[in-house]
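You will see two complexes here that share chain A, one where it goes with chain B and one where it goes with chain C.
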Partner chain A sequence: MKSSYRPGRRGRGRVLAAWLAAVPLALAACGQAGTAETSAAGNAPRAGGTLTFGLSTDPISINPRGAGAGNDALYVSRQLVDSLTEQDPATGKLIPWLATKWEASDDARTFTFTLRDGVTFSDGSPLTAQSVKDNFDDIVRAGAKAPSSIIYFTGYKATEVVDKLTVKIEFTTPNAAFLQASSTAALGLLGPSTLARPVEERDVANVVGTGPFTLDHYTKNSEVVLKRRKGYGWAPADREHQGDAYLDSVVFKVIPEAGVRTGALQSGQIAAIGSVPPQNVQVLRSSGYTLVVRPNPGNVFSLTANESRPLLKDVRVRQALAKAINAQEVRDTVLTPDFAVATSILARTTPDWTDLSGALTFDVEAAKKLLDEAGWTPGADGVREKDGEKLSLVTTWLSNFGPNQSALELIQQQLSKIGVKLELQTYTVPELLQVYAKGTFDLAWGNLSRADGDVLRTNYSTAGNNYYRIDDAGLEDALRGQQSTADGAERAGHIQRAQKLIVEKAHSIPVFELTTILALSSKTHGITLGADSRLQQLNDAWVS
Partner chain B sequence: MTDLTSVFHPGAEPGAADEPHTTAVAGAPVRGGAREVLTFLARRPGLVAAVGWVALVLPAAFAPGLLTSADPLAASPADKLAAPSALHPLGTDELGRDLYARVVHGAGLSLKATVIAVLVGLLAGSVLGLLAGFLRGWADDVIMRVVDVLLAIPGLLLSLALVTALGFGTVNVAVAVGVASVASCARVMRSEVLRVRHSLYVEAAHAGGARWTRVLVRHVLPNSSGPVLVLAALEFGTSILSVSALSFLGYGAQPPTPEWGSLIASGRDYLAVAWWMTTMPGLTIAATVLAANRISRMLDGEWRHRG
Partner chain C sequence: MPARYVARRVVQALFVLWAAFTVSFVILYMLPGDPVSVLAGSDSGRDITPEQLDALRHEYGLDRPVIIQYLTRLADVVHGEFGRSVQSHQPVQTMIADALPATAQIAGLGLLLAVLFGTGLALAATYVSWGWLRQALLSLPPLGVAIPSFWFGLLLLQVFSFRLGLFPAVGNEGLAGVVLPAVTLALPSAATIAQLLAKSMSTTLREPYIETARAKGAGRPRIHFRHAVRNAALPALTVAGLVVGNLLAGSVVTETVFSRTGLGRLTALAVGTQDIPVVQGLVVFAALVFVLINLAVDLVYPLLDPRIARRSAAVS
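For the complex of A and B:
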């Protein structure tokens, strides 16, 4: 056989494929011209079809209370469960969901919820005050086995069934953040058939809620398949579409490699992806994909000092680090304009955030001066020293957010200019928790998302884990103050005071805000992010 | 004693069936002049390229300053993700660091780790093989059963398990890779020892009253080490791959210290926008492994059997 080339069907296919591959490149070359943040939805939503969504990590557990893989696990379990309240992403205010109204006592110890009538779990049983009591008692009984939920139940006394649709939750200590907690997926309500099973059996199956989708099956490290719940009629008011969801089914595919995830979207194998890496944002945006972008509320990415270490006990050293870090350069280099430079220890989308950017200025000379005053003199190798000790700081970090490593390597360079050496150490989550418990680190890099200022208490209160060994009576007073009052304005005052103290005393050095970025194909519509910047329930989502 | 040996030395009995193996390294360029060497090389451009590449990579490992004056850690955000150019021959990474400088400086850690790995495998494997083959009996049984167990576990898996136990770091990665190659070195060494230990000159040394340690070190070891050395050269190539694989998985040096494997790992998220970040270190590893394989083939008697 001679190997002459005949442009048959296969040949044409290949030429076509080459053309298709060239199209995104050509569009990328056009640069800004093709930005399509709002793709041409135009036509009306269509019911039916399947949405395939690429997750970056295996959920591990789809029990909303469980120790799943964080955000990606919640993307899935949020579809299965509804909460008592909904936090409106647009305003940050709580609006009715499974509870039509609620009330907090002035001392923030008693919360009364009135439930919506006619709600049923997907196993057919009705939602009553008793269901709420069973759920909350179950969380407290599970304790450490319900890690995402138990943190909201400090000082839990009891849940009292007042009547069929009224339930009263009592705490022995004030818990002002409980109202916001009632909107989280972690406190989403599970049906009696789930509660009847031991906690261990709720990870890959048996998760029954009142949500718009039900669990079909979950195959570890591969996919989770959800089916539409028929007769769903209690979506909160911030959803455009009430009633049954448009989609017949949702398939969450686990695709850990960022490049593969982006490629799968570009080749049309899947309709939407989460955790879009910043370096691919520009390419996707300019080639016609819809990007869903929302800054995460909560504690921004920051470097927190371990104050039991003699080096960082000195507030001047911590302040010098804060002044020497050029957050703007970090943002411009390793991220995209979708990510904001931190303006406080809380992100802008957190309720009660206050702008402290005036206190977060980049000033190398001031940083050097502070270190001089603290007695650290430049050594022969450029690293400062005092009494024979080098100013070298062990910094822990996790690879849970792609750009972490690049950001820290850049910060390392910035700090070397004032004679501070940063040693980077990465761990797995269990290892890191041990390191935190032992206190064998100087600085910790990380963030924590939650749409409430109470997140600061989780991180910096001496009453909690206090991994950072902070000893600041003023800060502790503010953190307890915000927890002890149901009065919104007073609580905001405490939270703002706490932010100010953390930033001014450089207990933690804010660098940039996390932003959640999803990318959707042009045929996917109506996908939004909730107040916690995690995937919202897919009531409004549809495929064309 | 030395006199006795020389009487039974291979040269004296060219027809002997169990002619002791002389290593090609030692025996190579003695015969033949410069002209013969040139013809030999001229017919083997691949070998010349391999030797040339290694001659370039080795100084990078031990004196990177000779090949680049750029700082592999200096970030320059303005130049980030620049394509290869005259200023940056291999381009820049996401922080604007010169990739050429990082590859050159990465050679240091990667190749030193490889050398340690090969030495660990070669020394431990040789000693075990030598003892097993020479002592026989229960020592042979015990050692070879352990070697069988090691061979039953895939090398990279064994290295992964070891490095997890030892902790992260370049030296630990090197030791883990070295231990995984002990088994094959021990096997080859033992088979060579078994071949040599019954040859006439060894038996003559025994008969002459030499202590067994002396027979082992003076007669058995030098005459059985040839194939093991060739194996070590071959092992050099595979060890580069294993060391880089572990470093790719994040078990090697902590950032920002560059290693070949970790350079590939950090570049893979940028494949769509900066192909050079993974391709350049990848090609470097491939070229070094191929060069090591080609040179080990040369050591395996190519000079002696030249036509």
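For the complex of A and C:
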């Protein structure tokens, strides 16, 4: 993934060259996504030692069911729990983990898992079909108190214990994405000693799973310390190392300031850091640190139209915006070459992603023509008008990703060249939810991570929260279609059709892929990112 | 000390606590959304149904009329019950008690440093005879107030941790980890104390009783460090509450920069996630600290300056 190209605006020739360079870059990244840039220098892994990892936020809750702080909470809880299946980051396919095989009914309402024999929780109790039932019933009982997990249980009917190692989960409505959900940490299995406690007592302690590490202690806003689980013997096949983890212990340190994380890594005080800000990537790379880079699967950062507002009802106006946004320039100016320009509404690490870069070309003249056709004529101040109304669009955004503001300010400049004005408005999460509910916005900037195409249903289906009020029967049909079939090829067809419709009708305008970047010291090895682009279980990690 | 003087101060303190609670309640409830909607706003929460969210609102009592919520919470708080965090479900008292020692360490050392440096600078600046040096010293406090703690903390880290490796950049362990945060925290308070004391010293040194002392043959050091300081320190003592308040407020930035646990980080996180019970617990706690210090100052003041007790007695 090394590239001699440096970001910055250097004229058209440079941009074109970069664009050409980016194509093999993207392809190469597809093949080896999630692997570190430099190998472990031929040394044999060494058992023992402590890994100190710098997190960007306090996890808040290390219960994999809880909302916690999102990524950083999952970095920790993933180490404690295993899941029924594993999504192989190299292929996006599900492979056996705690379940050796599984089967979905044709209507995607019933899922049967056969469990691996001999697995135990760290409290000593064995993993059985009853454990799975207890876990899933517990999630449904907890409802919104298990926010990360309850979302996969829409239409849950029951879990049936078929025999000691066979369990059947039934839904009243189709839920094809449940299979992928079974690989997430959110559905990682918790031991009976955890389930015996009220949900309220599982956030900072008492999280017991079958994972390769166990919880030693969690001090809020400071650190989480994990110890190696002895006798671990059920790592999935995508890990190089089976059996007990190499590391004696893992210390996650909460270091909120990005500059301090980088400084602590550079001064040798910690061994690895997450959430490396784009502006620090080049300096770390050039001074010999290993960067672990993987695009986040799911909905890329995109601008989504609120189609209940008159301005963006007209597909020509939306398409004009798509053509006038120079995503390449955004990437080159505010990000690093590690971030890829979007090639679809889904990131290329999402299963069933399809390459639509041909439909995402930058063409200012075509954009102007579309606006002319739609009846928007340039006004005296450069902003287009129609029937006395200005083509001025209220655009909402959250500061959940550092470069958002600069990216949007650049897009604002780009769109001003075709006579479209963006009014940028940033909100806190609760404020934004109210704006979405009221529909008082034209464009919404954001992304949504999930390693399954079902993320499109969450974002764009009119049956869901329906933030964007999209009126497209074909799209809705594709979104429900993918939910209703267990046939992989048929499902992929629906998800690809949905991507095409979203991009071609410019319901949402993809710009770039959110990308997770970790940095490791030269003495830290074997750290990878999982299919969800979050920290993988640290079975393979070791320190020299 | 007259009992009525003490009683009045205590009643005033209770009023401040009630006002802090009420104002924080009103502000938090005027914000759009509620703690439960924050859950729905997370990446993974987009698919949570409105019914599931409403069930949680009901459990937390957020669906009841605001006045009922206010009175219930007020009654709970009077009984020392602040509820549980919406995010991590821990009792608020436990969270504050866990975070307090870490903040107390840096605030305690910070206060000590602030008093030492602030007093030292003020006395030195008013003592030196060279005008240019006096001007130079007196220009330090405004500079100290103007330097952003955030920037100053990062600077200290850069030099003493990343470059020289003398102190750890991250964490709460040991005495070494307390030094840089305490220095960062002390800077604005030291500057405030220095400014105030220097001003009050120069006023005091022009008082007639200083002339009397000088006429009686007292030397300059004796006049400066015995006669003048005693009187000049009184106004500086009045702002003790303010200084401690500043230390608590400064802990938000300082603890973030130095990756420490503590009340400041707890506040930042709770505000960010709209964790109402935690924010309210912290506001009331901060008000309590503020009130206790002011109460202590009010009660000590008459002992230091008999004129105040006499005046107070005359009025009541």
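Note that in this section the second predicted complex is superposed on the first by the 505 of 544 C-alpha atoms of A that agree within 3 Å, B and C clash if a C-alpha of one lies under 4 Å from a C-alpha of the other, contacts with A are read in each partner's own complex, and residues count from 1 in each chain.
The definition used in the following text is that a residue touches a chain if its C-beta (ideal position, glycine included) is under 8 Å from a C-beta of that chain, and two chains touch if they have at least 3 such contacts.
Bear in mind that the values here come from a model prediction, so they are computed numbers and not experimental data.
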Which of chain B and chain C A:Ser125 touches, first, second, both or neither: neither
Touched partner set for A:Gly402, first chain B, second chain C, both or neither: first
Touch count on chain A, higher of chain B and chain C: C
First (chain B), second (chain C), both or neither touched by A:Ser267: second
Contacts of A:Gln413 with chain B and chain C, given as first, second, both or neither: first
Touching partner for A:Gly259 - first (chain B), second (chain C), both, neither: both
Partner chain(s) touched by A:Asp332 [first = chain B, second = chain C, both, neither]: first
Partner chain(s) touched by A:Leu433 [first = chain B, second = chain C, both, neither]: second
Which of chain B and chain C A:Val283 touches, first, second, both or neither: first
Shared chain A surface residues [contacts with chain B and with chain C]: 257, 259, 263
Interface residues, chain A side, partner chain C - complex: 54, 58, 60-61, 66-68, 70, 143-145, 147-148, 150-152, 154, 186, 199-201, 203-204, 219-223, 253-257, 259-260, 263-264, 266-267, 269-270, 428-434, 448-450, 458-459, 464-465
Contact footprint of chain A on chain B as seen in their complex: 73-75, 77, 80-81, 94-96, 250, 254-256, 266, 268-274
Touch list for chain A against partner chain B, complex: 257-259, 262-263, 277, 279-280, 283, 329, 332-334, 399, 402, 405-406, 408-410, 412-413, 423-426
Residue numbers on chain C that touch chain A, as the complex places them: 31-34, 36-49, 52-53, 55-56, 84, 87-90, 95, 98-99, 102, 154, 157-158, 161-163, 165, 168-172, 255-262, 265-266, 269, 273-274
